[in-house]
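First chain A sits with chain B, and in the next complex the same chain sits with chain C.
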Partner chain A sequence: MCLAVPVRVERLLDNEMAVVEMDGLRKEISLALVDGVREGDYVILHVGYALTRLDPEEAERTLALFAELANRLDDLGEVRP
Partner chain B sequence: MKYVDEFRDGTLACGLARAIAAEVRPSRDYHLMEFCGGHTHAVSRYGIQDLLPPNVRLIHGPGCPVCVLPIGRIDSAIALAQEHDVILCTYGDVLRVPASERRSLLQAKAAGADVRMVYSSLDALRIAQETPDREVVFFAIGFETTTPPTAAAVRQAKALGLKNFTAFCNHVLTPAAIRGILDSTAPEGTGRAKGARLDGIIGPSHVSTVIGSRPYEFVAEQYQRPVVIAGFEPLDVMQSILMLIRQINAGRAEVENEFTRAVNRDGNHKAQTLVAEVFDLRPAFEWRGLGVIPYSALCINAAYGDFDTERRFPIPYRAVADHKGCECGAILRGVKKPQDCRLFGTACIPENPVGSCMVSSEGACAAHYTYGRYRDYRDAGPTRKAVND
Partner chain C sequence: MKGPWEDLEGRIMVAVHLERGYVADVTVASTRRPELCRALEGMPVKAVPSMVALLFHVCSAAQECAARIACEQIAGLPPTAGEQSRRQIRVVLETVREHAWAVCIEWPRRLGMAPEVEAFAGIRSALRAIDEGLPDWPDKPMEEGTLRALAQAIDRALALEGRVWEGPGALHSWVTAGICPAAHFLQKVRDEDLAEFGRCSLRPVPDMIAWDLDGALAADVDHRFVSRPEWEGDACETGPLVRMSGHPLVAELWQRYGNGLLTRLAARLVELVGLPPRLGQLLDGLSGNDGVLGIGGNGVGLGQVEAARGRLAHRVKVEGDRVSRYQILAPTEWNFHPRGPLWRGLVGRPAGNADILRRQVGFLAVALDPCVAFTVQVT
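Let's turn to the complex of A and B:
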């Protein structure tokens, strides 16, 4: 029940609600816990509420870090397990 | 799904596995606890332990909300539904948690009590609006992720002037549980440890989006153990393990954050303010497996007292011992593994759980039953019978 997923905010509604999209599914969720969410933002959805906004630049940076690490090991000619 | 699939890439996982293998020192062991049940699930589902060198051991922690709920609290919820004739709303996993005499809320429902599964606290609120002639109780459980949604519902109930809605608050606090776990461990070499040996902690993802990374700093400062807050996906967990190993090798103990796309040091200020508006600290709360931990849970404060189930109904609390033979307590402290329980996979299975760790997919026993038990067979070899065969 702690599972939470990143979803895209498709449309803002009244009363701090919004329609989000996840894998083609649409759902109404509450934005009462997060300020300043805009359409197109990704938020982490948990039990019907957005918990926080997802930072796309930080996500890219983390992925780049993984890739760099893998490449560096290749360059070093590390033996694969 | 965006922001999910990229973090499950198999090639990158192999790269991270090699990076970990390259940094690990063969001369020592690394005992790392993943605190959160979501991580326990990910570790089991993606077989992360298999990608690690044998001297890196992952220990499951107590961060599964239904696992740590003691029997006495479920008994109280059952009593509310049966004796006070309320509509009891709660999250799905809670319904199957075994209470006294292996009863559950699901059984109470089958016997006629009005117990309803909800996806969100908002659903409970809606039920209260739609049935003004019935008392509706939201049986609220969970860590800092589910607490703000409960606070939001209580505040909204007050704004709407609802007279028939209360919340039975059982929200618990992650940092207090980490302290409880660390207090049960003794320094290496003293031979007094009643808890698990812990060299580092993989910090929760979603709890940390709310509370930030600051509340873990005492772990580094007072207990000299490193913490790395990890995202939910397998690559996040692998990267966090690498970061922990680097800290341990360098003799460092700091709070680091791998989940920068959603977590910062301060957390979600709006959610924290709302929680502070509605809740007070409880002086003491009983946890399954960890016993009574001071200041480890919340209750509804006086300003919102009209929406507090514990003020509206007499619900005496009685501590109840776990089922004899169930090792959940030791598993939640990281001292034992699911395979160590003699009921695992025989008397206790997800469809018919004896203990709470077999209920939710985040529970250590359920995760191991679903994804890990085949490894027991493999590791047991062709001549030896697997655990609980």
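Let's turn to the complex of A and C:
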């Protein structure tokens, strides 16, 4: 992903795979490139691979920032997704 | 996953239209949103660079570097030489990572092969070791061996075994040996006679056109320029092919095959292999900051950086201490312009089988390396 939006690891699967959740949507991703990911952690994704693990606090801060930026776009009159 | 954040990031959609066995037209559409950086407007200018670093993942070092250069023009306070070099080194490390991602993960996926996850992880770990030494550098020299470890990890990923691609013959031998996915990809290009696939005439984004670029961005009230940039009425291209066009192997391939698929892929490989020595020069203080440029004045700053995929520009305008306007012009917008390399390189070609063509157009799009997902449709 071009933008660094954290996604939450909902469930660990076999073979270094996991199910992530973002905005109510779920997807299977690979954890082959990051160590020590646990359920509830947040990761940054890039085309199906988790590349960076974030602790929940750091992730919440980043998600709040994205939400704030989306609101700013509203205020500026830009169409948000 | 198709959700709000993916919508925010956008994607590229390539549609190839056939008529009577030829490519009649190519539509390159983008749902990317270059105006998203307007969200930075109203923020204190000093908060912008770290904010930018948090927002982007794929090219965060280059984005942060361009933002810092732009914002520094406002205060007129240039960074120290050491800080400039550190930024440049981080951008080069990121370029290695992005090229390594392409050759280890993306290229094999395109071929239906298993990605070389371990090879990529080895390169990433070597990059991390250098990055971790940067805060104390140059006071504390980089540990001996860190750079060598990176060169070795790249050598292993490409199964080079110390080979140097001196010319097309040496490249051909490496391709024929075909031990790694990158060599397989070039084998495919050779076997399917695709060396010239996508060949066209296209000018590069002119070198550091700072004041002209500043003027074009200043006049871009409807985001048209940052969405579909042109120079003097022409679509242009930027990235490894342009940067490596003077390399002897790339120049020779260009002479034979133009800017077709083989030359494009070889340019990325040549750049990847050449980056550890480039890092060595930067770490030894033997190379200047020739990949970055900033200009500014009267509350406006422009920063340009050669990112992994090509020229990246940030422009900031300030009122008081707050951002009143923020613009980003990214390389993907140059390289996936509706009249850019895909349109120019494909229209008028004999089409053959639609499924095969769709796969081959996918190869070309991967060689052009957008920073977001893309789809190809042939109708």
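In this text, the second predicted complex is superposed on the first by the 50 of 81 C-alpha atoms of A that agree within 3 Å, B and C clash if a C-alpha of one lies under 4 Å from a C-alpha of the other, contacts with A are read in each partner's own complex, and residues count from 1 in each chain.
Just so it is clear, contacts are C-beta pairs under 8 Å (C-beta built on N, C-alpha and C of every residue); 3 or more make two chains touch, one makes a residue touch a chain.
Remember, predicted model here, so these are calculated numbers, not experimental data.
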Taking the superposition as given, does A:L25 touch the first partner, chain B, the second, chain C, both, or neither?
second
With the two complexes superposed on chain A, say which partner A:L3 touches: chain B (first), chain C (second), both, or neither.
both
Which partner chains sit in contact with A:L73 here, chain B, chain C, both or neither? Use first/second/both/neither.
both
If you count the residues of chain A that each partner touches, which comes out higher, chain B or chain C?
B
For A:Y42, select first, second, both or neither according to whether it touches chain B, chain C, the two together, or no partner.
first
Name the contact category of A:R11: first (chain B only), second (chain C only), both, or neither.
neither
In the overlaid three-chain picture, which partner chain does A:D55 touch, first (chain B) or second (chain C), both, or neither?
first
Just checking: does A:L65 make contact with chain B only, chain C only, both, or neither of them? Give me first, second, both or neither.
both
Touching both chain C and chain B, counted on chain A across the two superposed complexes
1-5, 22-23, 30, 32-33, 44, 46-47, 49, 51-52, 62, 65-66, 69-70, 73, 78, 80-81
Taking the complex as given, what residues does chain A use to touch chain C?
1-5, 20, 22-27, 30, 32-33, 44, 46-47, 49, 51-52, 62, 65-66, 69-70, 72-73, 76, 78, 80-81
Chain A partner contacts - residues on chain B that touch it in the complex:
1-4, 6-7, 9, 11-12, 14-19, 21-22, 36-38, 41, 63-66, 91-94, 119-123, 142-143, 145-146, 148-149, 152, 205-206, 209-210, 231-232, 235-236, 239, 242, 258, 260-263, 268, 270-271, 274, 360, 362
Which bits of chain A are touching chain B when the two form their complex?
1-6, 8, 22-23, 30, 32-35, 42, 44, 46-49, 51-56, 58-59, 61-63, 65-67, 69-71, 73, 78, 80-81
Complex interface listing, chain C residues touching chain A:
1-9, 35-36, 38-42, 51, 54-60, 101, 105-106, 117, 120-121, 124, 371-373
